[in-house]
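Heads up, the thing below is written out as structure tokens.
Chains: A, B, C and D, in written order; residue numbering restarts at 1 for each.
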Amino acid sequence: MKNICKIIKKTQLCKEVFDFEVEFSHRPLPGQFIHVLCGDGVFLRRPISICDYNEGILRFSFAVRGEGTKRLANHNEGDMLDILGPLGRGFDTGKSGEGTAVVVGGGIGIFPLYFLSKRIKTEAILGFRTKDAVIMEDDFKSVCSAVHIATDDGSYGFHGLVTDVLQGRLEKADVTSVYACGPMPMMKEIKRITEDMGIFCQLSLEQRMGCGIGACSVCVCKSKGEYKKVCQNGPVFNAREVDFDE
Amino acid sequence: MKNICKIIKKTQLCKEVFDFEVEFSHRPLPGQFIHVLCGDGVFLRRPISICDYNEGILRFSFAVRGEGTKRLANHNEGDMLDILGPLGRGFDTGKSGEGTAVVVGGGIGIFPLYFLSKRIKTEAILGFRTKDAVIMEDDFKSVCSAVHIATDDGSYGFHGLVTDVLQGRLEKADVTSVYACGPMPMMKEIKRITEDMGIFCQLSLEQRMGCGIGACSVCVCKSKGEYKKVCQNGPVFNAREVDFDE
Amino acid sequence: MNDIDLTVSIAGVTLKNPIVTASGTVGNGWEISRYYDLSELGAVCVKSITLNPREGNRPPRIAETPSGILNSVGLQNKGLDFFLKNDLNNLRKFDTKIIANISGGTIEENCEIAGRLGNEVDLIELNVSCPNVKQGGIAFGTNPAMVKEITQRVKDKCKVPLIVKLSPNVTDITETAKAARQGGADALSLINTLIGMKIDVNTAKPVLANNIGGLSGPAIRPIAVRMVWQVACCTDLPIIGMGGIISGEDAAEFIIAGATAVAVGSANIVNPAAGLEIKNQLTDYLKRKGIQSVSKLRGTVKIN
Amino acid sequence: MNDIDLTVSIAGVTLKNPIVTASGTVGNGWEISRYYDLSELGAVCVKSITLNPREGNRPPRIAETPSGILNSVGLQNKGLDFFLKNDLNNLRKFDTKIIANISGGTIEENCEIAGRLGNEVDLIELNVSCPNVKQGGIAFGTNPAMVKEITQRVKDKCKVPLIVKLSPNVTDITETAKAARQGGADALSLINTLIGMKIDVNTAKPVLANNIGGLSGPAIRPIAVRMVWQVACCTDLPIIGMGGIISGEDAAEFIIAGATAVAVGSANIVNPAAGLEIKNQLTDYLKRKGIQSVSKLRGTVKIN
């Protein structure tokens, strides 16, 4: 649904990441996303994950990457945003009841995982480039039973990849489900690891989008040999069904 | 010259007319204009007359017409504007020493005449659509020896055209120069009247502009059988030299 | 709004208003029907249909350009059978006309699709101009002789009026327009997308996996208006005009230039309710101008 | 900035950097030289020159379109004699190359202009693609055989290298590019403007008094990049790429696509210092990417 939403809170999480809270009347599910008009001069909407939802207030966070997110970041409290959503299929949390669930996020991939972590019992493994880019650690700590941070340069937490941390964590054999969102190489590796160990795993994928509602067929990824629409059939897919080597 | 200028005052003169004061370090002449970037999503600059200038503060007023002026009007005090100027050739005030000068403005044509009226002894004849559109009457009263207002619908002042008022005023035979700015039919009529009576007259013309600096040759008007650039050879032309019937 | 007559006729088929969806931008109607009632539209034109399912090009398939979109979907669709069995029944629930856009890779394939569509749909739009496929598509669409031949042969199999969709990637669009007319087209639609490319300067790689794609959106509107005007000047066939329409006034611009109906494409991608909003804005425009019937607006351009 | 080598060579003429002004957008240099030193540019390409003075089309001559400009100046200029006597001497004061863009109405006129220019300028750009004049212009530019012939005959009279400026209003730009090469062109420049039209829906009149005009600006950039890439693939002639360049990264995009130099047009109209700013931004881009010489960037597009 199309909504004109008032920004009620704007904060800056780190150098290039902003956090908005907007009035929003539709209740979303973890893993769903919104599709936002960024302002004059930017034609297409930009997809952003829902980071949290609470009694009519939707939270989303985004990194400034190009023209769209730059224009979006120029908005201030009190401004109105044209938002489409909630869109897409979220995480399947049915499978995570029995054992421990782990969410694995890399960079801007952590945002949808926070909303998910509030709903299920989980541990978090979060990866960042460097210490200054580490964000939302306290948020995750308040909802997860454990939070492991990794940085690429070792300036904070574990020195290395989230996939290394995950591999270590899985050795305990108590983990029954993994939910991940992040850059492609990370997702590919997590698919491999969880498949090898027979662990249920869902990935939230990214693809360049047009409509965001399943009408234009631009946002596809290969799943079981077929092109599926990330905006409609995803963004969350079962890791097993994603074909990365396309 | 290109200037990034801070808006220090924004007022609304009537329903669709806004008045801005900006910091501006180049001293302009009456009749010159500025060329303003209106904001994201508007590609070309928009030409606006200089309405006043005082110790580093430039004033301009504009009516909201289309996309450009709409975006411009969205700016607030404290915002920065990218302004080119002062541009063009202003009014020739040398000729107005001897007798009485009259400025004749129609609608948005009144703005450059205010700056001019501050510099020379003059009476003003100002035309508007209707009473609610009458603006800057007090401004002109404070600098002109007399101010005559005409409205198209007779809701305020004289019921009729500024050219009728002018014709009446010229009967006294003390007027030696006329400066006019307004819609084409008005300008054409003023050229005819002043030519018939042998009175010195200058017109400030409008034409759709590109560069505003004389480089792209789009903004022409016919003058003495040739296309002249309004932005460079004008916007002020001697009425005698303007060929309207093109 | 009821006092204004919005009906238009395309080759004997009456549309309740001139607003049509442009092929490929609303899928087959399922998704946008959640945003408004498709019965509000003059017609729905579906995503290009091929005989067999097509998987389309590799992603990324979209890039944003100044006031425009580049796309390289490449005719992904589930094929004719699926269309006949599923999409069509859904579309029939709405009180609107159905235009089947067909995009076979060969003349024969197009003939077969047209034949099998029979009169299950209200109109057939023959896409001879898709820039995103290797065979067929644009190869037909830029050669007047080919346009005439394919039109003739497909028309022969059509039980409903045939619209030919023209490519703007030509030196002279009046040539292909006239060729389509000679081939027996009942109406023309234009423009399809212009071929474009965008390179990511950080990676030196084209943003689209297909390297090139079709440019649509407001950026191309001046080109589209010019072509609609040129074609309207050289033929009496009804025209469905499109290319960058995002408001009711844009729609009016195409109708003034000579279009009988207009299609909304990229605007749907930005705003799923675009079709409905543009219809309402066009109605407001007609009211403001005191024009009682949209057909009175058609071709009223006053050339300087 | 001195450690980066910006020099490029167009048919043996060395430009100190790849930034050129596009014809018609900076007049003959007088005006923008008040905004920056023209010696900062690789070359200045002047407004199209005709043998005799031309008054151009009636105003209005410009309209804004989404991310673009429509213009219908129609080659207003003071003629060859005035250029030789006045503009040329002024331009010579700057340490930059001079490109004379010539736009005669007939082959003979172009030959005469080229002959009389002799080697007073560094390069001649033959405009066979102006959409705003009735004879000459685009009629030459869209027909490969004509392009070849005019190139041949003008080349014959040229004492300096000849650049042929191609029209984008064609089905296949590689055809006209190859024709120009066969005719003996030393370099190619592309693209000129696309033909467009804008109608004021309040008056139903085209905004331009000339009804149609040439579309330029960022809106057409994806089309221009595609054409530069296509032409670079089919010929070894140096290319001056243009169409919607407003930043250093845009300039880089054209060079990656295969252009040796780039021309800045519409950007000058919005910002008189555009040429200088784009040059500086391109230098920053090269530094950021660690590319020592701009010629190393040329044609580096990694096709998917």
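In this section, a residue touches a chain if its C-beta (ideal position, glycine included) is under 8 Å from a C-beta of that chain, and two chains touch if they have at least 3 such contacts.
If you're wondering where the values come from, they're calculated on a predicted model, not measured in any experiment.
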**Request:** Provide the labels of all chains in contact with subunit A and in contact with subunit C.
**Result:** none
**Chains contacting each of subunit A and subunit D, listed by label** = B, C
**Request:** Sort the other chains by how far their Cα centres are from that of subunit B and give me the top one.
**Result:** A
**Item:** Computed distance of Cα centres, subunit C from subunit B, in Å
**Value:** 46
**Message:** Based only on mean CA positions, could you tell me how far subunit B sits from subunit D in angstrom?
**Reply:** 36
**Fill in**
Rounded to the nearest Å, the gap separating the Cα centres of subunit A and subunit B is 56
**Message:** Between subunit C and subunit D, what distance separates the C-alpha centroids? Give it in angstrom.
**Reply:** 34
**Asked** In subunit C, which residues are in touch with two or more of the other chains?
**Response** 58, 67-68, 217-218
**Asked** Which residues of subunit B are in contact with two or more other chains?
**Response** none
**Request:** Quick one: label the inter-chain contact graph as line, ring, star, complete or other.
**Result:** ring
**Message:** If we use the touch criterion from the header, which chain pairs count as touching?
**Reply:** A-B, A-C, B-D, C-D
**Request:** Quick one: which bits of subunit B touch subunit D in the complex? Just the residue numbers, please.
**Result:** 1-2, 37, 42-45, 68, 84, 207-211, 213-221, 226-227, 232, 246
**Prompt:** Any idea which subunit B residues touch subunit A in the complex?
**Reply:** 39-41, 71
**Fill in**
Given the complex, residues on subunit C that touch subunit D span 58, 65-68, 70, 142, 169-172, 194-199, 201, 203-206, 208-212, 215, 217-223, 225-226, 229, 244, 249, 252-253, 256-257, 285, 300-304
**Message:** Show me the residue ranges of subunit D that touch subunit B in the complex, using the header's touch definition.
**Reply:** 24-27, 30-32, 34-35, 47, 55-56, 58-64, 67-69, 71, 73, 76, 217-218, 266, 268-273
